[in-house]
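Please go over the structures that come below.
Next come two complexes built around chain A: one with chain B, the other with chain C.
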Partner chain A sequence: MATRTEDGVARGGPLARVLVYGLLLFAAAYFLLPLYVMLTTSFKTLGQISGGNLFALPAPFSLTGWRDAWSSACTGSDCTGLQHYFWNSVAFTVPAVLLSTAFGALNGYVLTKWRFRGSEIVFGLLLVGTFVPFQMFLLPMARVLGMIGLDNSVAGLTLVHTVYGVAFTTLFCRNYYVAIPDELVKAARIDGASFISTFRYVILPISTPILMVCVIWQFTQIWNDFLFGVVFTSGDAHPITVALNNLVNTSSTGVKRYNVDMAGAIITALPTLVVYIVAGRYFMRGLTAGAVKG
Partner chain B sequence: MAASSSSGDSAMPVRRWLDRWLPKLSLVPSGVALLVFVYGFIGWTIWLSLTTSSLLPNNTFAGLRQYEVLFKLDIWWVSVLNLAIFGVLYVALCLAIGLFLAILLDQKIRAEGWLRTIYLYPLALSLVVTGVVWKWLLNPSLGLEQFVHSLGWTGFSFDWLINPDMAIYAVVIAAVWQASGFVTALFLAGLRGIDSSIIKAAQIDGASLPRVYLSIIIPSLRPVFFSAIILLVSLAIKSFDLVIALTGGGPGYSTWVPAIFMYDFGFNRGQIGLGAAAATLMMAAVALAMLPMLIAELKGRRDGHKN
Partner chain C sequence: MAVLNIENVSKTFGETRVLEDINIAMAEGEFLILVGPSGCGKSTLLNMIAGLETITEGQITLDGRSVNAASPRERNIAMVFQFYALYPNMNVRRNIEFGLKMRGVAKKERGATVDRVARMLQIEDLLDRKPAQLSGGQRQRVAIGRALARDPALFLFDEPLSNLDAKLRVEMRTEIKQLHQRLATAMVYVTHDQIEAMTLGDRIAVMHAGRVQQLGTPREIYDDPANRYVAGFIGSPAMNFIECELSGRAGDITVCLSGSEGESRLWLPAATTEKLAAHGARRVVMGVRPEHLVPAVAERAGAIACRIDVVEPTGPDTYLHTEINAEPVTARCLPSAAPVAGDTVALAVDVERAVFFDCDSEARIA
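Moving on, here comes the complex of A and B:
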């Protein structure tokens, strides 16, 4: 990868190097600044926020913002903090991620290794489907969820996220499996392996990287979703993203509590941030796979 | 494999039948979901946009009346104009920052991995979180403005968030912060894919560094520009979460975009037909943005490059 840069497009004196590093560090500061302000503000007291400097470190260090955001801040008329909504998000994100990944792997396997007449059309339809704005699905989905009794429920959100996630996971897996030599599958079939055992013993063992990409991509998308959450649920069944927005826009006493807002924002962001830090390279691979489709 | 290889002769027809049909059967759940929840719903929404549906959906055909009403609403045109301003600035700034940072990162940088990780993390955040943070940073009385005041420049004013003429630009700031690291990563991948021998040849011929970039490297990044633009345009058209969290569409309607229009008319104001018409136009806009890519893809297939 770095072969070209070794020869160096880059030349130039030490001054140019200093400039390049300076600009890169400035950019890093620009990207990190909101995170820094979010963290420091969350540990400040209200007095420090209204009287102090935006970039100052918290002194004294206060956990009030975090405690309130988790267990007692008001999100609309309900004043029990974000904890309930955090677990709501966990409750639909985990099954939706697992289900959409499983279906995606199966679909990708069939579409590359068991092609049949029309399988390219199925894939084409799926590909086009990934570009359609979700706004096209909202009104009918609200009706259907109402008809089957899943409106305003965690189960309903699980269904919605699974359905619209499968298109992406299928795309990722299909593009990964297409690069696996067909001979591998053919050899297994000659040895008498069935459709299922070929998947189980030939495909699955070499699928770890792409399954990671699917899981991480889906987790980020589904956890961070706001649109489906705000349209298909109300009150008790809200995901954490919607609850955070309500928390920020509810001021029970008329005083904006920015430390609570920022703590709430970090609580909402934490799961996906942790995943990003732990498995960043898979995250990037999912992004480029999603960007350069087909 | 052990289990299947032990199947006797009598089981063979069943096995063959299973191998023939199981692959297709396993696609059925996803296929049905695709037909119903994607294509069925697209048809359903288009149909709703052609009916008199208001508080409840109905099937009374009304032709293009909803679209006529839509086109007479100021608030729709405010939304469209905002999307145009937002979309152009968002795409242009993300591309400029992304390309610039990618070129800098491509200069044999120590700790490149660290910098890349820092540049990209905003994309892992929910847009609601991004909106909440920037709402705080751009808060006129306590945020960046107050900080500049404390440095002694008391005349400094930065009230974009509460200024109806400027609020949409505040949305641009937050959105560009969120996505420019991603565009950087795309460009960096593109830069790494360029054949080094061409560049070396140009340098031996005496081409200066800026000249090498302008006439060789940047033109060969065309495909990256292409996919980045398509991606950013479709993200811009769908933008909803960030605007809701940052400005709530306000002050007044000043930061409404079509996605907010669709949500508000379709779900809050009981104007299902209008909401459906707005959604349909959003899909048409995305389709228009995709068209160049589809044409290029089809051309590529005809020329014999298949994936």
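Moving on, here comes the complex of A and C:
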């Protein structure tokens, strides 16, 4: 039976409450259990994995899986672990995230505060960019990279991810800047600020939430990308996602080393997790901030 | 020499004509008001003076120099906006000194200017606060401070008080007037509030539909409106407009006014009749301000017997609503002599102060 509560929301009786919490716990377990299995497995020995219970805690506790995944596991013919590819990913993800975010912010600033004839059309075209599926990019982009001599390189991947990401970051930033009163920019112009100083001193300092949104979004997209990585690079230049795939599919001894696979997967996922934790509290704020008048 | 000279200026946005042939010359130290209803192009004109909008046609000169092609930075102006437009990330001090910083003024000199401005506006204790920590009135004060810091040749205000509550608005209005008297720098002040226009301006430009309808001192605008639009826009309560028939001929023109309880014939003054005769129309619109339509002192010829529908005390005056020639009109009386609704009162028109407009063109006839 529903009873009125202090906050005016009708809630069910104890039975309904048990049901709700039960459902929530189930949902939480559904998502957390795989993580639990990954973590525990990565610290187990091969012996315990082949003989033991999937849900048992590691005994003995072993770092072999992690060590091997990082520095000695084979990814194809190369047996130096994921470390080289990890730094590959860092090498194109960091500049691509920063560049696409910077360009997105500048584009958003121009499209909202320095409108020019046809700026709506430019924005419309950029918007189309967000709807174009990855796959359509592959062939033309491969041609372009070849022509400018950036194929099979970290610099090439940086370029691809920056170009593809700008459509998204522009959309985010434009929608955020639209809510900032135009009078702010007018005041800055009267105060003698140039196009760049207005951006630098007035717009940028109040953009933190939306820049965080761009960084999280772009970092997740770029770091986790597999398709561009596998198509535009080979061998040494692979990103970590492709290397992880190779690591899991290479077994020199014919035995699946689940502890190494799990450790590799966690190593691959860790940076995105860190970015979420560090920048995440801005994420929701940034996504909703545009709705509130500054 | 004129501080600001606006010559034959027009503005179009795409296909829409927003301003049409604007001509205004402003003397040194003058306080000029641009007043008009929302959407009549006041802000657009102000933005064109500031350099925030391009000039479609005509020319604007500041201190004798054409600024048509000059950026806001190159014009010696400062502007205060309706929504304050304070930089939210900067504290009050940095807001005020931003314009100086952008112009490369040394830090020490900037500090001295901020202190001087803060003292003048009594915002010294707010200098370290962010705009979000200020009340509306304080924000507007800071916005004015930002304009003062630069010591420009011309101040532009775009409805700076319209976001404040009524009481604060009146206080700030007085302060702005004092500020102007103290600085003696020319100011262009945009408002849609005719009381602000009357109280602040040395001269008022009444704008409507993209044109300046009349440019003159508050007295001229009030007593001698150029057309029916200006007459109706300025003054509160608004001027009464009574459509009426003229009879007689030059030198001896009368007008017939009928209240609900009787009608009466008024002889018009000689100066008025001459102009009316020259114009020739028989049907005209007579404009009478409420203070010139008052209960007759004694049984006097020409008083119109009217049944009062509504009595509206405002404190110093009481307004009476009734009808003349079947049009609603407002009369004014002393609170001590106020009738009650339903009474019949004889109302006298001060024909010396009445004005006449053409029925169709709404232009002033007499």
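Rule of thumb we're sticking to: the second predicted complex is superposed on the first by the 270 of 294 C-alpha atoms of A that agree within 3 Å, B and C clash if a C-alpha of one lies under 4 Å from a C-alpha of the other, contacts with A are read in each partner's own complex, and residues count from 1 in each chain.
Here is the rule we use: contacts are C-beta pairs under 8 Å (C-beta built on N, C-alpha and C of every residue); 3 or more make two chains touch, one makes a residue touch a chain.
These figures come from a predicted structure and were not determined experimentally.
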Which superposed partner A:I206 touches (first chain B, second chain C, both, neither): second
Contacts of A:D191 with chain B and chain C, given as first, second, both or neither: both
Touching partner for A:T241 - first (chain B), second (chain C), both, neither: first
Contacts of A:M38 with chain B and chain C, given as first, second, both or neither: first
Which of chain B and chain C A:E183 touches, first, second, both or neither: second
Which superposed partner A:L139 touches (first chain B, second chain C, both, neither): first
Partner touching more residues of chain A, whether chain B or chain C: B
Chain B and chain C footprints on chain A, overlapping residues: 188-189, 191-194, 197, 201, 294
Interface residues, chain A side, partner chain C - complex: 181, 183-184, 186-194, 197, 201-202, 205-206, 294
Complex contacts: residues of chain C adjacent to chain A: 47, 50-52, 71-73, 77-79, 81-83, 85-90, 98-99, 102-103, 146, 150
Residues of chain A defined as touching chain B within the complex: 1-12, 20-21, 23-24, 27-28, 30-35, 37-38, 41, 49-50, 53-55, 103, 106-107, 110-111, 114, 116, 119, 122, 125-126, 129, 131-143, 163-164, 166-167, 170, 178, 188-189, 191-197, 201, 220, 223-224, 226-227, 230-231, 241-242, 244-245, 248-249, 258, 261-262, 264-265, 268-269, 272-273, 275-277, 280, 283-284, 287-288, 291-292, 294
Of all residues in chain B, those that touch chain A in their complex: 1, 3-5, 7, 15, 18-19, 22-24, 26-27, 29-31, 33-34, 37-42, 44-45, 48, 57, 97, 101, 104-109, 115, 117-137, 142-144, 146-147, 150, 177, 181-182, 185-186, 189, 192, 194, 196, 199-200, 203, 209, 212-213, 217, 227-228, 231, 234, 237-238, 240-241, 244-245, 248, 259, 262-263, 266-267, 272, 275-276, 278-280, 282-283, 286-287, 290, 297, 307
